[in-house]
Amino acid sequence: MTNTSAGNFFEDFRLGQILRHATPRTVTVGDVALYNGLFGPRFAVQSSDVFAKAIGYPRAPVDDLLVFHVVFGKTVPDVSLNAVANLGYAGCCFRAPVYPGDTLAATSEVIGLKENTSRKTGIVYVRSTGTNQDGTPVLEYVRWVMVRKRDEAAPAPADHVPRLLAAVDPNLLGGACPPIDVGAYDLTLAGSPRRFDDYRVGEKIDHVDGVTVEEAEHQIATRLYQNTARIHFDQFAAAQSRFGRRLIYGGHVISLARALSFNGLANAFHIAGINGGRHVAPLFAGATVYAWSEVLEKSAIRGRNDVGALRLRTVAAKDRPCADFPLKSGDDYDPAVILDLDYWALIPR
Amino acid sequence: MTNTSAGNFFEDFRLGQILRHATPRTVTVGDVALYNGLFGPRFAVQSSDVFAKAIGYPRAPVDDLLVFHVVFGKTVPDVSLNAVANLGYAGCCFRAPVYPGDTLAATSEVIGLKENTSRKTGIVYVRSTGTNQDGTPVLEYVRWVMVRKRDEAAPAPADHVPRLLAAVDPNLLGGACPPIDVGAYDLTLAGSPRRFDDYRVGEKIDHVDGVTVEEAEHQIATRLYQNTARIHFDQFAAAQSRFGRRLIYGGHVISLARALSFNGLANAFHIAGINGGRHVAPLFAGATVYAWSEVLEKSAIRGRNDVGALRLRTVAAKDRPCADFPLKSGDDYDPAVILDLDYWALIPR
Amino acid sequence: MTNTSAGNFFEDFRLGQILRHATPRTVTVGDVALYNGLFGPRFAVQSSDVFAKAIGYPRAPVDDLLVFHVVFGKTVPDVSLNAVANLGYAGCCFRAPVYPGDTLAATSEVIGLKENTSRKTGIVYVRSTGTNQDGTPVLEYVRWVMVRKRDEAAPAPADHVPRLLAAVDPNLLGGACPPIDVGAYDLTLAGSPRRFDDYRVGEKIDHVDGVTVEEAEHQIATRLYQNTARIHFDQFAAAQSRFGRRLIYGGHVISLARALSFNGLANAFHIAGINGGRHVAPLFAGATVYAWSEVLEKSAIRGRNDVGALRLRTVAAKDRPCADFPLKSGDDYDPAVILDLDYWALIPR
């Protein structure tokens, strides 16, 4: 029995293995307040118990991304402590609402393994599930990471690469959103008159505002999620790394972009699923983040006429306002782009 | 329908117009904790449920200034997103206590408009009201701001400048303070033996301590209030501005000064009204804030013998201790002064 | 009656004097969330109401060190506002659990006084007690500080140096830990299989991770505790001091080291007593803190077979990883060491 955990290396994973992650976490109004202070979201449903109750929630639900980050944080010590890179997400689905007072725990199943030709690293695919105190799944997603081997010579399991869907079927969305009383949804209080029918596919929206990130902010956020990835916290070690700086948790950028997106998407109150996301470039403290979104697709949800789903691409850029919607520069991303996120948001019809 | 909000310009306002502001907000113990971490207030009534109950509150009320900042924050997107300057406050009155769990919303009425001779800007006067979940007003105040015109050539409404009182009538104070059991008010636990009768008009108090402000702190505070004014958050844009720096929200200075004022005014537990305030100079991160106060006036409140009202001038200065009470330098303010606030605080008799 | 408090000077203290400290404080889930964001502890008992209930708590208790810091903070204005140095702690015992919603107050008894030969300062020994809303003691500890005299010529009381024990008797531990259902303690969720019998005296554990401290972080933490010691907050004054910098509250280092110690001590879920602690060197923002621990002693607790006590020495160092357990360099401490803490932690048997 070693006395500390060094995390799992590539050769430690087995296909079909189930990892029960440590440190269950009761999410409280304290976490919500700190999340608000760090990101400043203004979606009325998550901000006001009164607004949430009026439309059919028992109270204001916890922000979807706070739920995501807490679940993600639990997986880090077992899945990605020895990761070289986070390669991607897919099939993320919010399956039940989370309220203050709920306790989240997480498990992951290893669904794919593929050693790299260098034999120094391999790709690990996991399907992670966050559950509440009743054992009800609240969130599922697949992610894949490149993980170091402890020993290059160690034998690797046979390659198995899972089939991943390009997008979540919109008919599977909405488990975390109770039936909404659209007549009670006050568009003025929510901050915008625009509903499902007011958006068109191909429409691009500049979210206008920019927000500068401080070291204290991303550290506080990432610790709040009990995410232990060293590169976010240890400047002494980072000084000797390729970047020379603490790297900001990719999920921090997602939360910043989501909060900025209120200006233009005020009624897209719930992230119901994430189809995929790419952290195109690293972010460091001192940079200012801007964002824009494109409506990729619109879909009804079978059996629901209260809300529809907008498939959105939200792009974040650093130190570059987004009035002209920066994305590609030739075959590559524009050098200012740091995030390219593809997700489904629910919005009243 | 434009897809994002650019805020209102001067020619968009109409006398008598009612603006219902977006994003109702449930205030929680989480917000209170974060406010405490950011400012460090030590007034016993707001700090302890037990102390508050002993004197007649159902539990510890939310700090008056946190209520003010949340209500103020809601007005920003509609009133001052295109403001050149915040010119003043008047007639601010706290009308009902706010407790954790209450949900605040805000409306503003346009009560004055005056185009400037340049025709590039105009002054907008609004009376803003914060209400709780029952529709009860908890806070009212007037503020006036200089707002840009979208189009210099746009016709402006006729000038109308409202009459504003120099001070709130003390007999109108106290709506947010239930009857206090003065016998149960423990002066030792509260931190000072001094009550209403122990202060004299003209007395000046140096609050001694200084506190240095960090970028992360004022950003977290200002986002907590869902205040979206860009100048507080966007260093990339600020670098090209007159100051080159993110400007700290004026309300941050008020909260810092109020917390510092505990040393000398420990029993002045409730800000009942704000007569006026002037942000004399901008504050930037890295500066250290000191404060001093003068007792301008003392008044009984009709019908109450539990508490009296001290009319206080609290002055904040940057990078300058206040043992000699800096205020004016000739006709101008001392160059270190950043805030000159005139308000009524309640204190046990 | 002076209008502000300048704190007590050495000649103001009397042997046997009882100081009732100001500002009772209701601790909430908001405080817990902010503490988590600032330090990132991962002990399951404090993190999850469900985990805590399963083993015998009514809900997740408040982190022991948050309780300590809140009680300590209350003592500062009366005991150490004019301190030159915090010299030590002893006999710290957690006597009852604290839950969100509890209200803490603090008193101190002066148990020793000794003027220094310079006659400019003296050492004050106090026994401080934190109590909850029922008057139940939750925490007791002795600390001694070197305090300035207001007037060198002032007569000093006769010397009285209290006898202090080198360590808390382990049979006095556990008042803040209800009987634990060890069968219900889920080692996987808790993050480690290691229990009491798996540790051996003399074992050293490198806690591996490092965390860089920002000015905003330690200021927010220290204000959260309503600790008013100026040296932590006032850069304008600090610039003229010996260090030129704001000094980080010593308790901040203890909390950082405790959170880091999860990796290796995941099941040592409760700090039951602190035998002594030395802040070997100051810490300033920008430095990265690492930690390691040694098992000094193991003890059963009379009458309990659910938990045992590990006596631990946890050492924190700045800008120096601790794989080789830095401590002494000749007769002195290694120059990187900043904290040498000796305490008892409870762990399931």
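Here the chain labels run A, B and C in written order, and each chain numbers its own residues starting at 1.
Just so it is clear, a contact is a pair of C-beta atoms (placed from the backbone, for glycine too) under 8 Å apart; a residue touches a chain by one contact, two chains touch by 3 or more.
Source: prediction; values computed, not measured.
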(request) Report same or different for the subunit B and subunit C interface, where same means the shared residue numbers exceed half of all residue numbers found there. (result) different
(message) How big is the rotation, 0 to 180°, that puts the C-alpha atoms of subunit A on those of subunit B, in steps of 5?
(response) 120
(request) Could you give the separation in Å between the centres of subunit B and subunit C, each centre being the mean of its C-alpha atoms? (result) 36
(message) Counting only residues that touch at least two other chains, what does the list for subunit C look like?
(response) 28-31, 33-34, 214-217, 220
(message) Touching residues of subunit B toward subunit C in the complex: what are they?
(response) 28-34, 36-40, 42-44, 47-51, 60, 188-194, 198, 203, 205-212, 214-217, 220, 263-264, 266, 286-288, 319-321
(message) Considering only the defined contacts, which subunit C positions touch subunit B in the complex?
(response) 1, 3-6, 20, 22-26, 28-31, 33-34, 77, 101, 103, 105, 133, 214-217, 219-221, 223-224, 226, 228, 230, 233-237, 246
